[in-house]
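All chains are identified by letter, namely A, B, C and D, in their written order; residue positions are counted from 1 within each chain.
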Amino acid sequence: MTTAQKTTAELAAEYGLKPDEYQVILDRLGREPNYVELGVFSVMWSEHCSYKSSRMHLRKFPVTGERVICGPGENAGVIDIGDGPDGQKLACIFKMESHNHPSYIEPFQGAATGVGGIMRDVFTMGARPVALLNALRFGEPSHPKTKRIVEGVVAGIGGYGNCVGVPTVAGETNFHSGYNGNCLVNAMCVGLADADKIFYSAAPEPGLPVVYFGSKTGRDGIHGATMSSAEFSEDSEEKRPTVQVGDPFAEKLLIEATLELMASGAVAAIQDMGAAGLTSSSVEMAGKGGLGITLDLDKVPQREENMSAYEMMLSESQERMLAILKPGREEDGYRIFKKWGLDAAVIGETNTSGHIVLTHKGEVVCDLPLAPLSDDAPLYDRPWVEPDMEAPLGSAPSAPVGDALLAILASPDMASKRWLWEQYDRHVMADTLADSATGADAGMVRVHGTKKALAVTSDVTPRYVKANPYEGGKQAVAEAWRNLTAVGADPIAITDNLNFGNPERPKIMGQIVRAIEGMAEACRELNFPVVSGNVSLYNETNGVAIPPTPTVGAVGLLEDYDLRAGFHTLKAGHVLILIGETVGELGSSIYLREVHGIEAGAPPKVDLATEKLNGDFVRGLIQSKTAKAVHDLSDGGLLPAAFDMASASKVGIELRNTTGLEDFVFAFAEDQARYLIAVGEASAHLVLAKAAEAGVTAATIGVAGGTDLSLTGAMSLSLEQLRSANERWLPEYMA
Amino acid sequence: MKAAVLVFPGSNCDRDCKVAVETTTGAQVEMVWHEETSLPSNLDLIVVPGGFSYGDYLRCGAMASLSPVMAEVVKAANAGVSVLGICNGFQILCESGLLPGALLRNSGLKYVCKPIELTIENRKTRFTSAYGEQKTVWMTQGNGDGNFFAEPDVLKGIEDNGQVVFRYVENPNGSANNIAGIVNSAGNVLGMMPHPDRAFEPALGSADGAPLFHSLMRVLQAA
Amino acid sequence: MKATVHIFLKAGVLDVQGKAVEGALNGLGPVQGWGGVSNVRVGKVLEFDLTATDKAAAEAEVKAMCDKLLANTVIESYRIEVA
Amino acid sequence: MKATVHIFLKAGVLDVQGKAVEGALNGLGPVQGWGGVSNVRVGKVLEFDLTATDKAAAEAEVKAMCDKLLANTVIESYRIEVA
């Protein structure tokens, strides 16, 4: 091998490999790797590709279930959603992924390419993307960078998803000083496929052509950290930026071409080129198949001149795919790629060598055994200690209920996000039944051509996770389950995106461990397996970590979308029933933070048995059409939920405090496992009786009518005034 | 009724249009690729769908308007075939010269997606006759360049000839005279920014787009 | 004074518009009778009047405007003319 | 040969982008320390290489490209440079 440059432990360290990791490479190879080989090891053993800090804890998640077709390990998770219109078996494929760091550096392109990347994970398995979600965490509004990041991220998400033509139907948005130096952009994509035509990445046999298709390879994303902001200079010695630029038009063509190629029967295995591009896709395809692979890098479609083997292997250019075709099917490929105007080339072949061999300009530039790349990938049991936790709250300070409600509704986290989601196409594909504008706890899209629908939501309450990672982890899963339940769906499975700080710090590692354990317990108890996910660590700046943010993306199924619920359907005369018990949990609540500036107290306890009991009861009321409107209680508690329902339905609500708690506690406590439901006057008694029978706590707490929201004896405000407080904040901030 | 929906690289409402026409009229809809140099025979309706043909790069609709199939659409339109352009389709029809004016960047400089109320300004067209006495309709809209512009004399001509078919009740994008949709002077080519193809049954939040397709059926049945 | 600012993506950054326009121009060439084009780049140009009357001061102002607002210097570079 | 095409909205067409940029620049002025701007116009600029080798022929080709594709003469005007 002539690819000159010798590598050393120092060079390895520059590429993120620890000395002991480098030693493993030397031992296994029995020689020093060359520059290209070191690059391959460094990306394959990066946190991003190898999950070396989290892998052993991720094993705690339940990953199987009667509906799980494919759990974690492939590009995305696959669940069975029953039969389609022509008797075929249908599958839903979904995953969530972060693009945190790129979005902080270049908000528009970072967020856009995040959306593009997650879509590729889904269609590479044979699914047509049908819904997008995004979970966004920004710094505090007064931080000088926040506004620009919000502006760019939202435009980037919209710009990409709108152009590709997949509706963005739900999401969540928080602002907190903990994200000042590290914003979070977690994007989720949900797709639909024929369950008998799912595509995997493992190369099935030797002697098959390896085809590259999509956009050309440039120097994008190589060493993403060394970005310059050099200004224009006449001598074109400008430092090359490494920001990846998204091309949603190319992505749209790529989706159509990929699905057409799959339908033609030509595909034996396929893998998108995501992070670590050509390296991880080729290594994974050959490695998973227990085979070997050769690639001739001269054949790779290149956008720039004089690209080195190293650059090609590490490029993160977007909108590219790698497929292994069945014997003799190259012509099908070329016909389809030409039709869709995509670059394509056969760049290699599978074999039985167990090695990845790369040639460039007639020389072998890399020859590595594949086994060590995966088998010897580092796996760390990082030391951890119990994370910091909040003590239970003593008594909470009181406040006038009406003033507190106005302050809460106008606070950045609780204010309407209309400014943002009106920039997202939520209706393309003409199957959207519920979106961000609807007044429902989850987004919902029809399974095209059927009466079925998928409900989708993304949830986590970082302030709870920070106050108690275990309970907060449980709560994130429980809230997602509750949101699906509240629209009438059967919760089926989740994907997750674990965003944390530096895992080499034992307290952060403790947050990771505990949050995973809490999530895992909730998933087990609620029969809500994890089928895919993503981990994003090292989200910290100057030693300050983000609040632990394990985002949960969840999917539920409705067999008949006529039996769906929302909270925009309240009518005058409906009786309001509160399902679930209110003991008055105010620790780490929105009320404390927004009204009193206090961020303290243990978060509300999550009793999973009660969650299940109450949720199943509510879902039953939806399916029997007894419940006319449903909203779960989450951030801010009862009164904000009642406002949502009244405002979306354009009818007032009169509530009474039926507990012995003080009014402000009743109004704003964040006890879990609760729902606000509306029923016809005539059925209220029956519902309470049924609840008692089922052991579900339920009480009639009010009635719908008029144009005000009131809590008898505590406050009464016009919906108009409340709505304007709720709608005003974000547009005024962004103006 | 025999209908065709055009497909350009980057179209993304092509299937939506097909489903909308089929669901509301029972018609058979053929998908026609942009490189075709002829159209299926005896078409009653050609739909130019929404989306981002060619990524909306350079100028919305510009590249699609030069595709081989558009030359055929121009011929068919001149021969009296009904042509409906929705969203990006409207932009393509303006770029191809089948409709006057142009669509500029939204005045708020942002993509806007929201349900929108429209008044029916001309209920005598072949696209609106089935609306009866209905005064306003709801459809959803989603675009970044829906701000209709025409030179003052052209605009006056459009108004005087009754070519304005739909107007926004609340202008979302700076459109001249609140215009949301117009027909050509012959009345057989309609371009509109809002999406009847996303509002053809109650589950989608509005079925107000359906009468548009019913109107076209009615014309045929009368013929 | 009058300022003109040209803003282009930096070399190496994928110019999606340029790529699409190049494809379209070359596709139309045979029909419309023009020859091939290559290296198409699409950028922005801004023109405006400044109150500053001194050329050096004006240039400094426009440079500040570019760095602060007009260009995204992570991926774009700019060229200023003041007259 | 090398072509440069500048495309601006015509005078009678409201340049909303230009107006927004003007507002933003003037809003930031007092903070950032630059003076006022006016008459901001935002346009597009395209640069590309042509196979044509004769200047007049190249100009004619580029003019055809503009009329046909690059500009929409209902709303835009253009300026060509060939070198």
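In this text, contacts are C-beta pairs under 8 Å (C-beta built on N, C-alpha and C of every residue); 3 or more make two chains touch, one makes a residue touch a chain.
The structure presented is a predicted model; accordingly, all values stated were derived computationally and were not measured.
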Labels of chains that are neighbours to chain B and to chain D: C
Inter-chain centre distance, chain B versus chain C - centres from mean C-alpha coordinates, in Å: 34
For chain A paired with chain D, centre-to-centre distance based on mean C-alpha positions, whole Å: 40
Length of the line joining the C-alpha centres of chain A and chain C, rounded to whole Å: 36
Overlap residues in chain A, where contacts from two or more other chains coincide: 247, 249-250, 341
Interface hub residues of chain D, defined as touching at least two other chains: 44, 68-70
Set of chain B residues in contact with two or more other chains: 54-55, 57-58, 63, 66
In contact (per the touch rule at the top): chain pairs: A-B, A-C, B-C, B-D, C-D
Of chain B, residues touching chain A in the complex: 9-10, 12-13, 15-16, 19-20, 50-52, 54-57, 110-115, 140, 142, 144, 195, 197-198, 200, 203-204
For the chain B and chain C complex, residues of the former touching the latter: 54-55, 57-58, 63, 66
Residues of chain C touching chain D in the complex: 3, 6, 8, 18, 21-22, 24-25, 28, 32-52, 61, 64-65, 68-70
Chain D contact footprint on chain B (complex, rising order): 58-59, 62-63, 66, 94-95, 101-102, 104-107, 109, 147, 149-152, 174
Touch list for chain A against partner chain B, complex: 155, 158-159, 162-165, 247-250, 252-253, 340-341, 421-430, 432-433, 437, 446, 561
